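Per-chain numbering from 1; labels A, B, C, D and E assigned in written order.
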Amino acid sequence: MTDRHLIPKAINPLHQLRVMGRLVRRASKKPGTAPGTLVHTGPKKMERVRIRFLDYDADQLREAEPTSIEECLYLKDLPTVSWINVDGLHDIGLLEKVGQHFGWHPLMLEDIVSVGQRAKVEEYQDAVFIVLPMLSWDTERQQISEEQLSLVLGENYVFTFQEREGDVFDEVRERIRTERGRIRKSGPDYLAYALMDAVVDHYFRALEGIGDLTESLEGEVLLDPKEHTMHVLHSLKRELIAVRRSIWPLRDMMNSLLRNENGLFSSTTRIYLRDVHDHSVQVLDTVEALRDVSSGMVDLYLSTVSYRTNEIMKVLTIMASIFIPLTFLAGLYGMNFEYMPELHLRWAYPTLLGVMAAMGLGMVAYFKRKGWF
Amino acid sequence: MTDRHLIPKAINPLHQLRVMGRLVRRASKKPGTAPGTLVHTGPKKMERVRIRFLDYDADQLREAEPTSIEECLYLKDLPTVSWINVDGLHDIGLLEKVGQHFGWHPLMLEDIVSVGQRAKVEEYQDAVFIVLPMLSWDTERQQISEEQLSLVLGENYVFTFQEREGDVFDEVRERIRTERGRIRKSGPDYLAYALMDAVVDHYFRALEGIGDLTESLEGEVLLDPKEHTMHVLHSLKRELIAVRRSIWPLRDMMNSLLRNENGLFSSTTRIYLRDVHDHSVQVLDTVEALRDVSSGMVDLYLSTVSYRTNEIMKVLTIMASIFIPLTFLAGLYGMNFEYMPELHLRWAYPTLLGVMAAMGLGMVAYFKRKGWF
Amino acid sequence: MTDRHLIPKAINPLHQLRVMGRLVRRASKKPGTAPGTLVHTGPKKMERVRIRFLDYDADQLREAEPTSIEECLYLKDLPTVSWINVDGLHDIGLLEKVGQHFGWHPLMLEDIVSVGQRAKVEEYQDAVFIVLPMLSWDTERQQISEEQLSLVLGENYVFTFQEREGDVFDEVRERIRTERGRIRKSGPDYLAYALMDAVVDHYFRALEGIGDLTESLEGEVLLDPKEHTMHVLHSLKRELIAVRRSIWPLRDMMNSLLRNENGLFSSTTRIYLRDVHDHSVQVLDTVEALRDVSSGMVDLYLSTVSYRTNEIMKVLTIMASIFIPLTFLAGLYGMNFEYMPELHLRWAYPTLLGVMAAMGLGMVAYFKRKGWF
Amino acid sequence: MTDRHLIPKAINPLHQLRVMGRLVRRASKKPGTAPGTLVHTGPKKMERVRIRFLDYDADQLREAEPTSIEECLYLKDLPTVSWINVDGLHDIGLLEKVGQHFGWHPLMLEDIVSVGQRAKVEEYQDAVFIVLPMLSWDTERQQISEEQLSLVLGENYVFTFQEREGDVFDEVRERIRTERGRIRKSGPDYLAYALMDAVVDHYFRALEGIGDLTESLEGEVLLDPKEHTMHVLHSLKRELIAVRRSIWPLRDMMNSLLRNENGLFSSTTRIYLRDVHDHSVQVLDTVEALRDVSSGMVDLYLSTVSYRTNEIMKVLTIMASIFIPLTFLAGLYGMNFEYMPELHLRWAYPTLLGVMAAMGLGMVAYFKRKGWF
Amino acid sequence: MTDRHLIPKAINPLHQLRVMGRLVRRASKKPGTAPGTLVHTGPKKMERVRIRFLDYDADQLREAEPTSIEECLYLKDLPTVSWINVDGLHDIGLLEKVGQHFGWHPLMLEDIVSVGQRAKVEEYQDAVFIVLPMLSWDTERQQISEEQLSLVLGENYVFTFQEREGDVFDEVRERIRTERGRIRKSGPDYLAYALMDAVVDHYFRALEGIGDLTESLEGEVLLDPKEHTMHVLHSLKRELIAVRRSIWPLRDMMNSLLRNENGLFSSTTRIYLRDVHDHSVQVLDTVEALRDVSSGMVDLYLSTVSYRTNEIMKVLTIMASIFIPLTFLAGLYGMNFEYMPELHLRWAYPTLLGVMAAMGLGMVAYFKRKGWF
């Protein structure tokens, strides 16, 4: 058994449970407020909103990081593919300006800021709105952290909104810059595919983290189950419940993208989407398998503890069954009655010792025959 | 560990179980009575029926709280949007008058008073009848209370029937009064949407309550599982069973509203209904996740208790295994036989003490090697 | 805690299990016999077959209880609605006569006498054949008893066959007699609906009984779980398995009635059937919820027993751990060695007493710190 | 409690498990061999193949038991209905001859000899190929034995292949001989129905056996759970898993027969097939219910054993808690210190006896108040 | 009980778990890289890539093992059926050449090298791409090893890619060489069928291995459950989870092949594919049954251990309850009080012995009546 089976000491199930309190997301909006009312429901994860755009076609590429959203609005009228990425969702004004300029439905804006949406695809008049969870593995806390990606695909642009800066899309940016693959020769639908593909590829990373934790736990349950082991196992199961809930809608969502024949996705790109669909299903399969394994671990834990209690009871019962009768006999001849004839017999003591030895050995033989040791 | 993990002392599982006796609703109607026979099946939750209406279009707004239903009947013939809200269902006469005037099917009236219906949408000739459960969190008793909302959408009116007064619709009223959002410019279908949206938004509030209780319980199971913990956990699971049963039909119901292309809901409003559908599914997801977590807590409880029993047994076995043989030895030399040569040996006593110490230490070493402490 | 949480003493799980042996129905027919061979497979539940009929239209009503079936056959040719009810199924000759006169398929007759059929709707050339389970709560034995209702709907008649007399249809009879509701003005399809509605309404009564038993059990599991508690719980679960099996096919059956557009049910009546469908689903929901609750009770029982064993072990371990070492010490100085210098020291006895007190208190402190009491 | 609740002594779970090793059927064919390669995969269950045929129409009947298959081949060209039954599958040559003469697809022949196929219906150019499991209850070994029936329905013939002789079809033969029912007046499709009906009717017999065993086990778990009880319960559950796997595909198979409008089954016969479908579903329902009940028995077993351990611990703890402190006190005054003033007091002994009695009674009162007895 | 119920000593659950760490496959590709980027994700299982081809029609056969892929490319233009098999996937250059020459979609190439794909069928312009898991039983380690087979079916060729050399296809090769069956007379679609059939046939072999292990485990749980037993059982369950995940998509995949009417598979071959579909479903059924059985074993294990703990507790309680009171009595009369009148009575000692015997026998009788032994 090597170190990899040791659960990181840092894991504090109580802490994790508190963080995972996200099972029920806090709603900050007042129930009944008008739809399209923009209230950012997540924690503010970064100081100021960061805007970056890439505008390209097969021949040219422009890249910039403007300080205000107004500098991006003209991209709408260019024939090139524009990808505008916004990190940070708390600037409601910015969103309203974008929404108005690009003619987005108020519900779409509401969904962008109300993080914690289910994965979904919604078709509006001239835009497809996609919500995807982004999962990443926090190696320090040994848990998964989740974020919402909102993607708006228009005729010649892709907007992406993230809760905070991340490196998920760096590789895609690099591909655009270096003209690797067919991305520069394709339209915004292919860009949208490439971004979704990057998100789904990242799921595997998160699952690797959770898979490692599962294996460590399995080793601990097999070798040395402790109370803490069960606590970590419980928090792992909770983690899996949360992940499954996030990822479950993906399959339906990808299916509806694939089936939609007259949308903004070209048939060439839809072949690529099929690949993302396959990966989504694979992620789901893995989560289900991990859930099954973690259920098995509960059985294993309970069985092991039961078995050990059984072993302990055997030791106790053997010790007590051998010595309690002997102690009684010793006590018997320790009594102070005046008239106890045995006490005065010459061979009484050695005889008794012999009887005691016989009784003890008899007990041992009995338990051996019962297969107790 | 902070206070938030302490389960409110007030929780009395037996009391809650009794209240939750609602798993099987008492039927007050005699089986076999004619359909359309109006018998209010719920408890009478308020003294007298309260009627309020709002009548509006883009330009004007009338609001009133008439004392009798007759004062509302003329609204049927106005071209404006009329929203008549009735709190309290025990006035059968009132309902019959409304039903007759607006030409409603007798089964519809029966469903309004027979509270405890499943969520459903039913299309009648010129009205859509919607039944929705309303959930709210009773912070004092730490449990969910449920009520039935019946909504009738006609060509130019919306009727809502609640079991008792509540504040769920206050925000919608405010939006109508202050002309916030598009509600004043839209028809009764949008009003119906706004009301359903408010109801579903409230579900999240109820789930937050139940989520907090779940977390408190989880803390208690982790740190200090007691018999009472399991009782509260059982009543939580029962609560979740009841909530799930209420909310489960929502998805199908919303789906049938969305799919219905030639009903009273305009295509513009149906985009908004899609949002309510999403929220319903999210609520369901959350309830399922909470159920999974509470199942995990049962495992955790059982494992923890088993583990602790194991630990206790270890202490007992170690103590007994060390001292029972020693006590036997002491008893042996406490016997009063006349002829026990050892008793008269000078070094017998210290030798025996040494043997005893060796035996004791041997036992300790044995248990240590077994990893028992 | 009041008396309602006490399980009726009369409940004898072994007896109930024997009665519930119905999980696998005894087949009395020889496998491979020709279809349409009429063998009554249930126990004979009444002495002689009882026939009653009601023949009516909007204007007139005839009611009779003929002694032989021949007196009913002429009803076939009347334009009025005829409802012939037969209680008792063991008179094969009677059935054959009816079948021949009304032109029924032999399989239909076979299903009428082979009780224990699944709920189903079957369309024949000019009749609809409906099989429905009838459930009622036997308050004495605290269990559900089940019976089969076979209903044949023809163009102008309804035949109902029950295993024994019951009061389920009394209210419907009363409505016909007193011209309450629209039953007298409607055709035989409405009558069939009214009868099915009465049967389904009765399910709620049966569920109330089972719900009360569930609550009583829950109270007992919470307060004082005994071996008998678990036995009753097991027989409750078995009861629910049987009920679920009976009711499960109802939904599909009602759906196929609703979807069938060109059958004997008019579109007006189908609106009413939708109501029966809703009630069937509600019954199913309730049974599922009761099953979930009873599963939860098993967990609760096991947890409670485990917890109590744990508590008992604590007491034993504390007592044993405190006194076994002290007893050893006392035994030590009870030995009869000649040379035990301590025995002759003046302060040895009180010193030892002090040491013993210290050891005992030390143990108590140790267990207290461990949180054992 | 009567004898019927005693599990037959003859049941040897280990033996049964070995027999039931059929969960994974041994494949005797080399993977990758050409399709249509005939290798009989089951054990040879009878010495020599037995062939019997019945050839009939409404007016005439021929019955024979030829020694070689060649004597049957001419039946293909007769207009009458021919039923050829073959018991024993190890004569590959015979099958090849039949296959060639009747023009069957090689895969069909392969399926006939590769026993252990799933129930299925396959349509070939001018034959319908049906595979059905035959279940029967082995009362001696208290377990179900399974066999494969292959049925080929051609335009004017029915072939049936069984692994060994059985009496399942005797009743059908009798009906043909005695012209009971409509079998003689109907075509081969009705004969195929009659045979399938006989097979499915036999399932109920097998389920009765398994139901009786279930009840016996239930009684034993309730009254006196032993280690052997759990072993038999486990083998019952395994039996149910195997039965369910065999019967599960029946529903789909019957459905596809019912839906097929232009096959060899006439619409008149399809009404009868609906009956077989109903019975199949009923069998499945029963198996599911038995599985649920047997799961409940595991819970019952575990709960009962836990409860009894709890009771045993109570006895131990009460005995130990009362007497261990008293024994300590007795040991205390058995010490041999020179200076123990109490020893010389006149009332010391009776006083100590009093104290001991008080302590003992105090303990008893404490445990009584705790509700331990 | 024979040896076959002994679990091979070689089984080391921890080792197996580590190998089975494949639950979450390591992704070696950087998330977000361009689709079609070829990175072999599995371990390199053989030194150098091995290429073999068979080119045949009804009249001729060519077989070769070229050292470079260039020597195969001309096969594309021959009208004969060519089967090119590649063992080993790490030569990316080779794959790129093949892909370019045969005009395959980049995603197809990516899937060939990214082993661990779900089973799937994908239709491209003029090729069908099939991914199938290959399972084999490693008798030494008593576990299943999995490999990916990629099969590309073109108009006149079949390409197969395996991770390493194996003997799964030897029989098919032999059939081609010896002109057994119809393979030489059929097109590449039949060849593809034959290969898939061989793969699925091999599943049964793997299941036999796992079935044997299951039976051994069952014997051990029945006869002598140890901690190691549960560990092996857990690794068996994990194995089944992994196998099920691999095989689950097969059914859908085979279905989509069967339904596809205008693909590369002729209708004659599709009849054979139906057979593969049946086998896939049978494999799935078996895996499900094994999962059910292994769940049952966990119950059996827990019940057995609980029952044995119960038995052990009985022994302890009986011994302690009999002797602890007697020891107390003996201790009582071992006290050294000066005034203990009983000590000086002549018949005190024999009387006490009598009382002790009575107490002991009374206890024995009490426990006997309780049914404890």
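The rule is short, and it goes like this: contacts are C-beta pairs under 8 Å (C-beta built on N, C-alpha and C of every residue); 3 or more make two chains touch, one makes a residue touch a chain.
From a predicted model like this one, the values you see are computed outputs, not experimental measurements.
Taking each chain's centre as the mean of its C-alpha atoms, subunit B lies 25 Å from subunit C.
One inter-chain figure worth recording: subunit B and subunit D are separated by 41 Å, centre to centre, where each centre is the mean of the chain's CA atoms. Touching of two or more other chains is recorded for residues 302, 306, 308-309, 313, 316, 320, 324, 327, 331, 334-336, 340 of subunit E. If you sketch which chains touch which, the chains form one closed loop in which each chain touches exactly two neighbours. Ring order, beginning with subunit C and continuing to subunit D: C, D, E, A, B. Remark: subunit A residues 1, 5, 168-172, 175, 180-183, 194, 197-198, 201-202, 204-205, 207-208, 210-212, 214-215, 218-219, 222-223, 271-272, 274-275, 278, 281-282, 285-286, 288-290, 292-293, 296-297, 299-300, 302-304, 306-310, 313-314, 316-317, 320-321, 324-325, 327-328, 331-332, 334-340, 371-372 touch subunit E in the complex. Subunit A makes touch with subunit B in their complex at residues 13-14, 17-18, 21, 23-27, 29-37, 105, 107, 110, 117-118, 120, 122, 224-227, 230-231, 234, 237-238, 241-242, 245, 248-249, 298, 301-302, 305-306, 308-309, 312-313, 315-316, 319-320, 323-324, 326-327, 330-331, 333-336, 340, 342-346, 348-349, 352.
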